[in-house]
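Once you scroll down, you'll see the structures, which are given as structure tokens.
Same chain, two partners: subunit A is paired with subunit B first, then with subunit C.
What follows is the complex of A and B.
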């Protein structure tokens, strides 16, 4: 069933990757000539090639890693958009929140609750702190929907107004996190992850494990949506909430579950991101938000697998572009790709134009 | 028909979408078990609103709806499905990104243990849906969607089926098919309440018709009587004979 359902979508995704691969190879050959000419790039290549690392393949790999982490964060954003129609601007903070809670539980340093005079050190091992952090974030998703979003839906508050509430919540949360955890990036684990060389790629074990966890989580979401009754009901709510309700599906319970899942996945993404970039600042999630929106739009708004495809493309484009362009421009390049793709496919890569009537 | 018990009763419903503006100004209806009821009336009479008010999709401000003697006014849709009421909306009546089979599964969401059995039963009524069960509903034509929508609503084996303009937007041949099918479903013992623009065709198959005007149920009679009623002919059927 899965195969027949998404064969065309997969084909499209494969086509996009093929074009990207051809493009990258073409630019690589040109880039090879340019490298010899500019001293700056030469310096980069010498440092990179010193360990037998191919800069392009390494960046491609980094792009996939970043894309997978971005996907974890943006799948939830996409599911929330799909089921409720809300563009949740506070989703970036859910990423930071998960990582910060984990830091709070795992760090050997003294931590405290805001406004409370006593400080203490929880100092749990990381393998315990991370799942508990995700569980707390999931609970936060539940609370958010319980006290804010379900109330707004019940009162039939329009989407633009709800979106502005989410912007307000985003500002409140990012400032709260800064107040609580301080303005400096924190590290979830202090040990240094040694890098291993696999052919042209240099990568640490932690990153490899993170990738495996991210892939497993994404496959888990796909399995949930495709093969479980609750997941199919989630897609039904995403398609047509009024009809879902008329079919006897408790739409608000489904949306509650989606909020919890979204918060949990964002927290997992945040924790893995903090490991990957060796630390997380109070506004890292906020900075990531634009990339998440770009990924979700690129893949096809509300399409659950669209978030994955969009994230991988954004991640790869952002990282690979640093081979030739200044790193400061990497997100701009990714957003440039978004514009080009939307000009060709306005509904996004996996988005399907619905027939009318 | 008269000796059958009343299954659904709407008493003086007042309802509307916007605050302060009532679409229904006292609609009443009494439906006996096994009846096929047609609701007709001019555009804007509140036909669809009436149906939605029965199903709790439009808030009822005054009056009451009872099902088998039990008050169901303003109950949530999923509660009504549990009590055996099915509803087929006029538009957006399928889940476009789900396959036909998944659409039907959603219809039986509250009784998933019976899904296989029900699928077989519905398959006898709509064999074409089973042949194409892995096709996405979004790729179907209007008539095919109508079929999926009706099949979905029947998956819970409802006692009462509410149909909102099932023939809207269909070709004449498809319209006929829809009316015949509705009659067939009714013959299996399902009480059907349908809202229709196609008043003549609707009254031909109905046991009883309700004529709605300006948010009130103006009068009721058997389908045949309404077809011959000079006022109905003038207002809703035009002057052409059947």
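What follows is the complex of A and C.
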């Protein structure tokens, strides 16, 4: 693998990293009076890390949980990129949308549609609301491809234009969700999840179940891609759309299925994330989008399993970095890793080198 | 009638000019060179921080402006150095990630004494040196239907300075775009390999465009901060997307596109908001819902623009990177 790495690119990346590190340290020390704040955070870390390695293990575990949820959300992003070449900036909203629809169906409180002056309460049990929410999100994926993306493909709109369309869609959707659900985070379930201690790891039951569901869903996707006819066709389209089309695969219907799958998986990821974080705000998916891009690029843009590998790495790095760095910088750390990866190995860990521009 | 004056007031407001400045910077990136910079808000934020922090350190105003601009230039160098060789959408992802990193660093508690963390830097902490330069009286001045303060915050003084800067930068764009240098950049936009085969160093030209556009973006950030305050969350991803919308609305690769785009964008936003609050009853659309409602319209506008009229109001379809 190292032979394929351009040594100059490696050097450049190392230098950029060094300069950035020096710059950040310089800024940190320049804020001389910042010592008070630093001392404070240090105090917090020392009390928290009384267990020493325990904190590390706990963070590692949290990282794996976050990585799995991230993987659910980003598998779809990667599949869409693989089959159509589109970097879909509106994928974060699909995550929020799934969780919000579930909230809409499950909450005992009064809900309403925007612009309609009446309100009502659906108040379904959570076990019913979640699958229906995922189904609605899947349908939304179908509608999106039907009325937007397939039309753009038919008109042969350039990829860059399609990317900007997805940015516009993201802006419209995130604000629509805010308009609809309000600016405050909502909780899908109101009961408090008791935390159990397993050795050094403290974890709630709901989180364990979420992890199991996430793993099952990821295995399901893997089974679909590897073993089913449709999955093989998907991989063929991802590999070479023209050739796939020539060998009799209906490329457009495969892409339609990919959009539905992506939307459904993102919705499932959103619901599990809302359970894990005990609530979801209208812009949580949007915030997650950068992490998803980082994960997908790290694993290899368009590579179906790349998203999984990348997500786990990003999740673990983001959570474990909080042992040494201030917690509000954990997303910045993950983005830093994205930039370094792009410098060293733009095709990602599993990607094929010819994808590099 | 009030609505009309509101719209006109928005059209000449200093923040409209500041956005026009940042869009001129983006025009150097996208319109002229075809670079997909999705992190223009990061350049603006860096300019704002450089300026405000320097003034807080007690440095003179000219030095503070230079610090803000140099910060943006260095950011462009650092960003462009490794990524300008990669394909376009990689640059988009890297710039958006880098801009978000600037924002995360700015709002981090560990830099609280420098950047004020998530609450930012208050306007009164850094605006004084600029306001002291004002030749206008230190009171409310009314000209026709417009009434603004002479020199404080969003003042006549700031309006004059920012619009002057906008015209200077638009002139610069016009001059540079029609120079041999600008023609090479247009060549890079149309066909990189052709330009390379003519013996031009494409990488270096792209870098120059990235730096110039970023510095003008930082200038936009500085002027914006003089009318508002330094607030990291006001320069998030939505800001970049608005810049793209208004650039594409006015017309990319044109001299007056960013200007017209900014004026159209902000005045129609004000128009929609005032019309909605005047005519739609508040039980259908509550006042708090006006903001997201108008931004939904912005998103839809961006989508429709890109698909049906990518050249915008003034542009020429042949002069587009896509």
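What we mean here is this: the second predicted complex is superposed on the first by the 293 of 357 C-alpha atoms of A that agree within 3 Å, B and C clash if a C-alpha of one lies under 4 Å from a C-alpha of the other, contacts with A are read in each partner's own complex, and residues count from 1 in each chain.
Keep in mind that, in the parts below, a contact is a pair of C-beta atoms (placed from the backbone, for glycine too) under 8 Å apart; a residue touches a chain by one contact, two chains touch by 3 or more.
Here the structure is a predicted model, which means the values were calculated and not measured.
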Q) Regarding the shared-chain residue A:305, is it in contact with subunit B (first), subunit C (second), both, or neither? A) neither
Q. Can A:66 be said to touch subunit B (first), subunit C (second), both, or neither?
A. neither
(Q) Looking at A:232, would you say it contacts subunit B, subunit C, both, or neither? Reply first, second, both or neither. (A) first
Q: Check the residue A:179 against both partner chains and state whether it touches subunit B (first), subunit C (second), both, or neither.
A: second
Q: Look at A:246 in the shared chain and tell me whether it touches subunit B only, subunit C only, both, or neither; answer first, second, both or neither.
A: first
Q | subunit A residues touched by each partner, larger count belonging to subunit B or subunit C | A | C
Q. A:97 contacts which: subunit B (first), subunit C (second), both, neither?
A. neither
Q) Following superposition on chain A, which residues of subunit A contact subunit B and also contact subunit C? A) 357
Q: Under the touch definition given earlier, write down the residues of subunit C that touch subunit A in their complex.
A: 36, 38, 78, 81-83, 85-90, 92-94, 96-98, 100-101, 104-105, 107-114, 237-238, 241, 244-245, 248, 283-285, 288-289, 291-293, 295-296, 298-303, 305-307, 310, 321-322
Q.
Quick check: in the complex, which residue numbers of subunit B touch subunit A?
A. 55, 57, 76-78, 81-82, 87, 89, 92-99, 102, 105-107, 109-110, 112, 134, 136, 138-139, 142, 152-153, 156, 169
Q: Please give the residue numbers of subunit A that touch subunit B in the complex, ascending.
A: 1, 4-5, 229, 232-233, 235-236, 238-240, 242-250, 352, 354-355, 357
**Q.** subunit A residues within the subunit C interface of the complex
**A.** 9, 12-13, 16, 19-20, 24, 27-28, 30-34, 37-38, 41, 87, 114-115, 117, 148, 152, 155, 157-161, 163-165, 167-173, 175-176, 178-179, 183, 286, 290, 293-294, 297, 326, 328-329, 331-332, 335-336, 338-339, 342-343, 346, 356-357
